[in-house]
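Okay, so chain A shows up in both of these, paired with chain B first and chain C after.
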Partner chain A sequence: MNEDVSAFRRELKENLVDWLQLMDKTADDIKDDEPLFKEGLGLDSLDAVEIVILMQRKYGIPQSEVENKREIFATFATLADFIMANRTK
Partner chain B sequence: MKPNEPLNASRGNRFGIGFFRVLLHCGGFGVALWISRIVCWFYARFDRRAFAATKEYLQLRFPEDAASEGRLKRHFHRLLNELARMLLVSYRMGIGKALPIEEIDRKFLPERGGAVVVLAHYDCWQASMDLMNRCSGRRINIMARADRVDGMNKYLALKETSGFNVISTEGFSGGLVEASAALERGEAVIVMGDRPVPGAATVEADYLGGKLAVPLSPWMLAARNNVPAIPVLTELKEHPRRIEIRYYPPVPLPEAPGRRLRAAELLPAAARYVRLLEDAARRNPYRVFRFGGEDVQFTRNSK
Partner chain C sequence: MSRAGISGMGVVSALGDGVAATASALYAPPATPPRAPRRFATELELPVFEIPEPDAEPGTGLPLRFLLHALDAALAEAKLALPELRDKRVGIAVGTTVACQLDDLECHDRLRKGDVSDLAPVYSYVTRLPAEYLRRRLGTTGPAVTVSNACASGADALMIALEWLRTGRCDLAIAGGCDSVSKVAFNGFNALRVCSATPCRPFDAERSGLNLGDAAGVLILEDPASAARRGVEVEYELAGAGKTADGFHITQPESSGRELERAIRIALRQAELFPDAVEFVNAHGTGTLVNDRVESAVLARVFGDKVRYQSTKALTGHTLGAAGAIEAGFTKLMLAARRAAPSRRCEHPAPEVPTPPLAASVAIPGNAAVSTSLAFGGSNTALAIRKCRGSVPDLGLKPLYIGGFSALSPGAPEREELAALCRKYALRRPDRLTQLALAATEPLADNLGGDGENTALITVTACGPAATTCRVINDILDYPEEEILPTGFSHSVINAAASYLSAAHQIHGPTFALVGFEDPFREAADLARTLLSAEVCRRVLIVAADEDGMIPRAVETLRTDGFPAAAEGACALLLAADPAENRLGTLEFADDPADESRSLLCGIPKSLAAMLETAGPASRSTLRRLRPAAWHLPEGSHF
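== the complex of A and B ==
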């Protein structure tokens, strides 16, 4: 993994912890290949919307870009790759 | 029948619905209503699961009868009769014999832009969806459990209309990502505000001396997308017989911060909505069609 990807993932993890108010987690607790929902990081349906809003506000990705693309939310790595490829800011 | 199968999965089959549609067409509303009374008597007498699912609401609404199984069953029977009447009204609309519709305070629903329309399983609630399909120029998205989409199609004839889109609440986001995107595009999203889908985030608000768990999603979606959340209740009125669709003022929502919205921040909005539901239950106690039970929706205050 190159340095840009690594740095971006680190930043995104910190943003997720901060935005989702994951009080008992730090960026280091989020594993790249861990599922985001249910048995993984334990996020719920409202968190899914919060992530979409975070993507919109911080990375300039319209909500319609992620609509019906469940695969993006499979793991942290899939989410990070999608944001990195589609960010406009 | 599977233990967790929703009640409507095994009640109201295609044959029965078709039968009543033919009856409505040939015999008229009065005859269909009379025949439905026989069916309702059967369900009131033998459908223990439906009774159990309704019992908690009836106990809250009729506390003086809460300890008497016989009195609760009489209330249950009346509720089933009203349910059948409301279904017949919606079937009747489906065969082009709609009742006059009177809209009250439509001004609360903006003509353009995104809006969350919050409905409840109360009275002839299906009629409000039909009306919005005819009167609104924007696309209408309805959130519904995947296992109930067929049921919605049966009752609402959605396949015959083009302005509707059903968003399944199945999956990791419960359809909320799709609903949020629809609001961003300036579309309307219809959410049932009185009954959470299994696994949905809920908040409890005071209701008829007990507590009612309602979904957070309507208020969260509206707050996050900076669009109004408009409660809508539909009632069948007599003299003259008509359907009254009443729009309520937008429910005040919290400012959306640069972090996740907490349940406590959305509670005032949910509580305000539950007060509307409480008023409706007092007005028409037999037209509250929540059918709790499997979703664990009511709790009684211990005090």
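== the complex of A and C ==
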């Protein structure tokens, strides 16, 4: 994995813990290939709504580009890769 | 010892202003569909039920003005003038959501920029919490609680009043609820994806959510014999109340509806009713997918597949803290008219609804009905209203035993300690106030004893989840054209901590989130004594908490009584009626006011904490009244 990708993933994990105010997880608990929802990180549908809003606010990715694209949220790695490839800020 | 006869009623909602207009509109509703909000600018195309505003009163927010309007009508119907009220021991219980949080966006924007030139909205906020304000305005001296249990608040205020009367805690109660469509709630409910873009359709296959609405409702409750002395004939009484907690999720009802069913059965038992004596149910029926599915299944389970029920929310919208109060009023009006009203806009009943709601009004031969309320945080309330009984069992006030006390030491727990607790109880994202409440409760966890159905929870706060509320308002101010973050909103409701605590400790008895600036901790202990004496539960956990933030700091700048409170902290007190649970002795109440420091904004006297630290089973601790806080409106501020 190149350094940019790995640094961004680290940053995004810390941001997710901070933005979502996850109390039961630290950045280290978020595994790259673990599902974000249910049995993985345990996020729910309202968390998904928040992540979509935060992607727009923090990375300039319009909500319309994300809606109904469940594959983006498959794992932490798919989410991180999508943000890296599509961020405008 | 009294029955809770309904001697007066005041109600204002989209169904009309006053009892007469409301009673006829239940059967022939005005053709006024909800429309986009007029009172505030918004990008969201969501219809709401706004109603005309009563005359302005300087510094008084809209929910309280609706409440005062309804109160005047209720007192007039009960033929009660102020001197007569002041001769009685009067309890005041009001449910609300909007009126107990400072949601003035302009004020908030000024404060966050450090501009304290106009603190009038903060002054209004601390001096006009509905129940405390009514007690001051009417000059009464009994208990006064503002309860903010989200969408069940109004029903919960009625339940509190009922238990006060059953235990002889007061001679007469003024109880109800009030709310108005506010920008914060409007954006918040939209973020939770529960608002319908069209007029709501409770129980319909095509339902897509709720519409918010303005309303207030007040009932005067007293023994029919006492009303008769003023020439007021009382026909119906609030005869039973059941309240339970799902302990499951902060915004979703538990899917089996088990705890809602238990609440209804408790209300029926208290009212001495078998299910088949209930003519109809005024359902919560918000029009959301989950509520209507779970609720209709429970109604069919309890009352059978011939159950008659309606939702009146298609006519009023969801009026949040007022809903339970106005709907109890509607229930009484339908009983008095001997006709159950139809449920509107349910054209194609949903397939998952076992029995469709009433399609047309129907004559009812009997004398009893039920009204249900389901709130955020899995808080279920059922009220049973029936023709007055001749007499009811006599209850008295019982001694209170202290089963445990714990307070956070200054400096609060470290983040890692809080995180460990969250992991222990599988709470992923609880807000700060909840974390403090959880940490204060932890030393008592073993004393809670696993009898969750018979344990009640009362949370007490002054400013509630202050930092979370600020985040929600910042969100609205900073991103005016976007959705706000839904979890921020669901954590900013006053009963979020109660919801999380009931889930963490599997507390399934009644939960009440009380808000106050005038000795609310004492009101909570007093309410605990009432609940235990009424045998509504076997033990009560009281958790008082306040968190630091911009609003509590602004509040403290208005204080002139010289008793500044700590910015942040929490404590937990476990009370029981069974001497077997006595660990720290008895708790007694003294009415003479104490001039002493309090350890939090919500008023825990420092002397109590000191007393309990060294208490044992033979101790007698006294909870004195705190001298009412004094507040000052600074120069330059104006209404």
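Please note the rule applied: the second predicted complex is superposed on the first by the 89 of 89 C-alpha atoms of A that agree within 3 Å, B and C clash if a C-alpha of one lies under 4 Å from a C-alpha of the other, contacts with A are read in each partner's own complex, and residues count from 1 in each chain.
Just so we're on the same page, contacts are C-beta pairs under 8 Å (C-beta built on N, C-alpha and C of every residue); 3 or more make two chains touch, one makes a residue touch a chain.
Just so we're clear, the structure is a prediction, and the values are computed from it rather than from any experiment.
Participant: For A:Met55, using the defined touch cut-off, is the partner it touches chain B, chain C, both, or neither? Pick first, second, both or neither.
Facilitator: neither
Participant: In the superposed model, which partner reaches more residues of chain A, chain B or chain C?
Facilitator: B
Participant: For A:Leu16, is the partner it touches chain B (first), chain C (second), both, or none of the two (neither)?
Facilitator: A:Leu16: touches no partner chain.
Participant: For A:Leu79, decide between first (touching chain B), second (touching chain C), both and neither.
Facilitator: neither
Participant: Pick one for A:Asp24: touches chain B only (first), chain C only (second), both, or neither.
Facilitator: A:Asp24: touches chain C, not chain B.
Participant: Touching A:Gly42 in the superposition: chain B (first), chain C (second), both, neither?
Facilitator: second
Participant: Residues of chain A that sit at the chain B interface in one complex and at the chain C interface in the other, please.
Facilitator: Looking at chain A, the two contact sets intersect at 20-21, 46-47, 49-50, 53, 56-57.
Participant: Which residues of chain C touch chain A in the complex?
Facilitator: 191-193, 251, 418-419, 422-423, 426-431, 435, 479, 482-483, 485-487, 490
Participant: Under the touch definition given earlier, write down the residues of chain A that touch chain B in their complex.
Facilitator: Checking each residue of chain A against chain B gives 18-21, 36-38, 44-50, 52-53, 56-57, 62-64, 66-68, 70, 73.
Participant: Mind pulling up the chain A residues that touch chain C in the complex?
Facilitator: Going by the criterion above, the answer is residues 20-26, 42, 46-47, 49-50, 53-54, 56-57.
Participant: Per the contact definition, I'd like the list of chain B residues that touch chain A in the complex.
Facilitator: The contact residues of chain B facing chain A are 171-174, 176-178, 180-181, 184-185, 199-201, 216-217, 220-221, 224, 256, 258-262.
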